[in-house]
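Below are two complexes that have chain A in common, paired first with chain B and then with chain C.
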Partner chain A sequence: MAAILARARPYGVVILLAFVLGVVPALLAAVNLGYPFRLAQLTMIFIILAASLNLVSGVAGLLSLGHAAFYGVGAYTAALLSARFGTDLVVNLVASAAVAGGIGFLVAIPTIRLVKIFFAVATLSVGEIIILVITNWYDLTRGPMGVRDIPGFVVLGMDLGSPLRSYYVVAVVTLVCIWIVHRLSHTVYGNALRALREDDQAAGAMGLNVGMMKLVIFAISTALAGVAGALLAHSTNFISPDMFRLPESILILTMVVVGGLGSLPGAVLGAIVLIILPELGRDFGQLRMVLVGAVLFLSILLMPKGLIGEVTAFDLLRGKPSR
Partner chain B sequence: MHLGKKILVAAGLVLATIGAGNAVAQDKTYTIGCSLPLSGRLVGFGEPIKRGMDLAIEHYNERKTIAGARFELACNDSKGDAKETVNIGQKLADNAAVLASISDFSSTATMAAAETYSKAGLVQITPSASHPELTKVNKWMFRASETVPVYVQPMADFAVKTLGKKKVAVIQVQTDWGVSVGNTFIAHLKKIGGELTTHEIYNEGTTDFRGVLNKLRRSPPDAIYIAMLEEEAANFMKQRKQLGMTAIPVVDSGVGLTQRSLKLADDAFEGMYSMSIFNPTRDTAEVKAFVKEFEAKYGKIPDVWSAYGYDAASLVMNAIGKAGPSPTRAAVRDALAATGRYSGANGPMSIDPETREVVRDEVTKVQVKDGKVTFLPAKQ
Partner chain C sequence: MDAVLLQGIVNGLSLGLCYALIAIGFTLIFGVLNAVNFAHSEVYMLGAFAGLVIIQAFAPPFLAVVFAVAAVGALLGFGLERIAFRPLRRARDEASLKSRALREATLMSSLAVGILVREFAELRFGGDMQPIPSGAMLNTPIALGPVILTTGDFYIFGMAAAMLLLLQFLLYRTKIGLSIRALSDDLIGALYVGINTDRVIVWTFMIGSSFGALAGLMVGLYYGTIFPYMGFAPTLKAFIAMLMGGLNNIPGAVLCALLIGLSESLAPEIMPTRWVDLIAYVFLLVTLIFFPAGIFGRKAERV
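This part shows the complex of A and B:
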């Protein structure tokens, strides 16, 4: 198995692209039902969320419990821009990333000095504050009424609202986000982040600007969450503050932990498992969430490093032989 | 996994045999989709709604209310999570046998799925969601619950005219429901010559209302109108009692007073006025039959949620019946819009064919007396 993987590795990108842009849409189009298309879209949105949270909580080791709030900021940015000014998806994606990332950056300035559990609690409260602001700033966000009639995917004047076209829009954005996360976490920069995680004082002594690195990675991570939010707003056409509360943050964090903290393929797999598994469980009726819970419990019990642990992910992506 | 599959196949076979045995020769079976919070935080609402729906389906199937038609429910658990409601909507839309869907409990989940249902051309009827713009979203959206003014304006009339309390303070939760209740009440209050003394808005989950109460003490109103959820109402009333402000009567929107909050509040609800959409003592044949059948099946008195579920399912089944011997989704939609008057578990109501809004003939005022909810006679 390891040998096959090692040999396939140089073609990994081609295989991945062929799979995401060829095999999956071909299968979806062959089945031609709304449900699989919808699940594919939702899964990809959560892949972006899990991968971006993994940058902060996995690679840099800063446990964040407020990720969903930035996802919400992105969703609201895209929704309000397109509902009020009819802006293009490209503009909305950039704006969502900028606003969510900007707020992430500002929030990080005071909180990033905190360590461990204190940082987690700070992000928890920041997340709540953001959602409360969205809920109570009635004139801008319509508060608890939510934003409705958000247009679908429109890129450069072209309506890409059909299931297959929407799939491609989300898939391309997701691939770009994954590429960004990949470049950030599997280069020297990623190693520097891991050094912070293991011992930030030692990392500081090695000459790394610890505070600034944490600040930047938090901003990038929240910007990517903003992108996911924009995709959600345009694919659901209605958003309200209820969609971005703590349970959503916990769900994203669970994806990262189940997949493997610090592992990008793990985050992707975690998102797939946690979106698809509850849907597969629908036939089990009342026992559905018990089943999901049991799977999560067993996976943490038997694979505490995650479905694809960080070290395995390295071997996979860097081509070192498996130990 | 293999074992699981085998069990499923076996169960499927057994069900198929039972189904084949029972099916009456020409009866057609129509599927009604459903997504409700059957697990999670909102299960306390989803379960009773489903019980009401199950009862309605059973009632129609056993009595053959719609000749030649049998109905079955395809229920899915949404956990009250908007994204799952959309998934379910898409799943039901893909299933050509589904003629209408009862979805979902909360406004957020219901409205999130609206686009999916509208694209599929499938009726979406919510048993309970309260968003004021709900039916404006698209022409496939229906509701079995009334709009906010239906039960808010009579309470303003009640406070000002019946109780003779002109200066009213309004305390409201910051949700889509709270906003529309608060605004509707205040607008109507001013229209009928009342005066708003204080307007307080709090965030969902607030437990300490002493600040608000002290503020009210400085400019005391004649009455307080509360648009609160059950736990908040219980806390508010307890603290009102602790601060010795029981002389100011409280009028509840109808949502704060539930069997659970009545217990939570201990005796602090004593004397509070409220409103009830569901009235088990209402003197119509439909309500009597509903209460009797519900008690026979579940061994307890139904609540408003079960009545909403019962009505939602009945409205859909009536529409399928009217849509003809081979109903299409579009025909069911038009038949549902043309429902007009309907008398069900929540009493007589009518559906506006254009706006699809529900209007009720009357709402029942109630008062808490000796720890029990007393239904005040009509025409109060």
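This part shows the complex of A and C:
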């Protein structure tokens, strides 16, 4: 499969754009149900989340277990801004990215120097702290009841709330985010991050500012999670703190692991698989988390490199024939 | 000292001992494999459920339940090691045994097994709290001056003391304990001097998991809260206690667990109850930032 993909590479961007902006909405419009549109939006939101977590956990090798909390910060920023001030989506996206990224940056200052599992546990606690603050700050967030009746997408004064229009809004934002992640991870900068992952002492000896690079990439990743949160708030119209707890972080991590740590196409594919697969068996509703657990376990055991391993992903994105 | 404060201290100590019971097993497993066992919270939960099932079926004397649950825990530890840890230890060379990839892989495989176990427990028993036969609860009040203790306080204290003594005996007086200490000191070195590391790791898991299951039983019967998600919060706090105590340091972990329990029990005096859950996480962050090697720890490479 990778070889076919590699051959299609020169037209890859065109094919991808045509697929995301043409084929999928056309198919969904043909079915003409609200639900598939929502599912498509949710999938794209999780693509952003998986791609951004992949930047930190896959490319830079910092295992984060608190990603969903930053996603929640973004969602709450957008929801409260548009509920209180009726702000535009553009403003909300920027604000969500800034708030989530800013908190990510502040949190990373003390924790980023921790290694291995200690960083994972620190991010887990930070995530729990953030969610506890959101839950308990009644005056601002209405606590565990969540925020209801969040307005749909309004861009530059235009109401883009209909299913097809909001699909396009989410699709465009997702494509932009993917492009950002792609540029970050497939340039010299991305290779520098990989050097940190493999051996940060050696990377430091080569003249990389290890601490600063980790700090910046963590902030960028959390800012992208904030963007995903803003999209979620406007596309579901309802958010509550429980939507951003540890199981959600684990779900995102599972997507990255299943796709292949460090590989952007893998993260995208992982997000699609883990959102669509449980929907196929929706009658088993309760089994969703079972499926997540089983997929995570089997992929760790049987495919440690993921669906599209990092090396293959490189060949794919560089247009070289696969090994 | 007034009675309210004294009562708070007593409650805090028994809460802290509950965390300590979990932390002991956690620390033991971490010490040997240097890997976090995220499924420990499910062993704890299944320990409580196993005790409940046994009590409902046979209503045996309490001591018999304790031994049965310890056996169930050991069995769970054995299975857990086989399913989530051993398959990832295929390579035996130094680089891959010490590699970060392996540690993260076991972290995620134990997380996945934990999710599966919890979800199946929820499918089997439902997500709600289980009704506990009234005779089995460990909450008969005993007034001691102005302070009201319950039988559970004594049982938990006794259990923690017995477990610590047993552990000291196991670690410092038996051959398997010697091997466990050797592994936790240097896995590769232990391999080179001919210790059957796989066997020692299985033993460690069995001991640690039976301690975890017993902790679940005690806490479940003491607070009357047995449900599939019961493991998450206490295990996280026990994990925090382990990190604060300095990783390989069991007495340190116990002391820190007591500290967390005491703070959580006394904090409502000075702050709204709903913020109490923050305390442990703040402790953890403060520890990680200011005492990177843990409060009682040796110097360890973690920054």
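Keep in mind that, in the parts below, the second predicted complex is superposed on the first by the 296 of 323 C-alpha atoms of A that agree within 3 Å, B and C clash if a C-alpha of one lies under 4 Å from a C-alpha of the other, contacts with A are read in each partner's own complex, and residues count from 1 in each chain.
Operating definition for what follows: a residue touches a chain if its C-beta (ideal position, glycine included) is under 8 Å from a C-beta of that chain, and two chains touch if they have at least 3 such contacts.
Since this is a predicted model, take the numbers as computed values, not measurements.
Chemist: Does the superposition put A:Pro278 against chain B (first), chain C (second), both, or neither?
Modeler: first
Chemist: Taking the superposition as given, does A:Asp139 touch the first partner, chain B, the second, chain C, both, or neither?
Modeler: A:Asp139 contacts neither chain B nor chain C.
Chemist: State whether A:Leu42 touches chain B only (first), chain C only (second), both chains, or neither.
Modeler: first
Chemist: Scan A:Asn237 for contacts with chain B and chain C and give back first, second, both or neither.
Modeler: After superposing on A, A:Asn237 lies in contact with chain B but is clear of chain C.
Chemist: Is A:Met289 in contact with chain B, with chain C, with both, or with neither (first, second, both, neither)?
Modeler: Both partners, chain B and chain C.
Chemist: With the two complexes superposed on chain A, say which partner A:Arg148 touches: chain B (first), chain C (second), both, or neither.
Modeler: In the superposition, A:Arg148 touches chain B alone.
Chemist: So which positions on chain A get touched by both chain B and chain C?
Modeler: Residues 132, 135-136, 286, 289 of chain A touch both chain B and chain C.
Chemist: Under the definition above, what is the set of chain C residues touching chain A in their complex?
Modeler: Spelled out, the residues of chain C in touch with chain A are 35-36, 84, 87-88, 100-101, 103-105, 107-109, 111-116, 118-120, 122-123, 232, 236, 239-240, 243, 272, 274-275, 277-278, 281-282, 284-285, 288-289, 292, 301-303.
Chemist: Which stretch or stretches of chain A touch chain C in the complex?
Modeler: Listed in rising order, the residues of chain A that touch chain C are 61, 63, 110-111, 113-118, 120-122, 124-126, 128-129, 132-133, 135-136, 246, 250, 253-254, 257, 286-287, 289-290, 292-294, 296-297, 300-301, 304.
Chemist: Tell me, which parts of chain B touch chain A in their complex?
Modeler: It is residues 8, 38-40, 76-77, 79, 81-84, 86-87, 90-91, 93-94, 106-108, 111-112, 114-116, 119-120, 131-133, 137, 174-179, 203 of chain B that touch chain A.
Chemist: Note which residues of chain A are touching chain B in the complex, please.
Modeler: Going through chain A, the ones touching chain B are 33-35, 37-39, 42, 132, 135-136, 138, 143-146, 148-149, 236-240, 242-243, 247, 278-279, 282-283, 285-286, 288-289.
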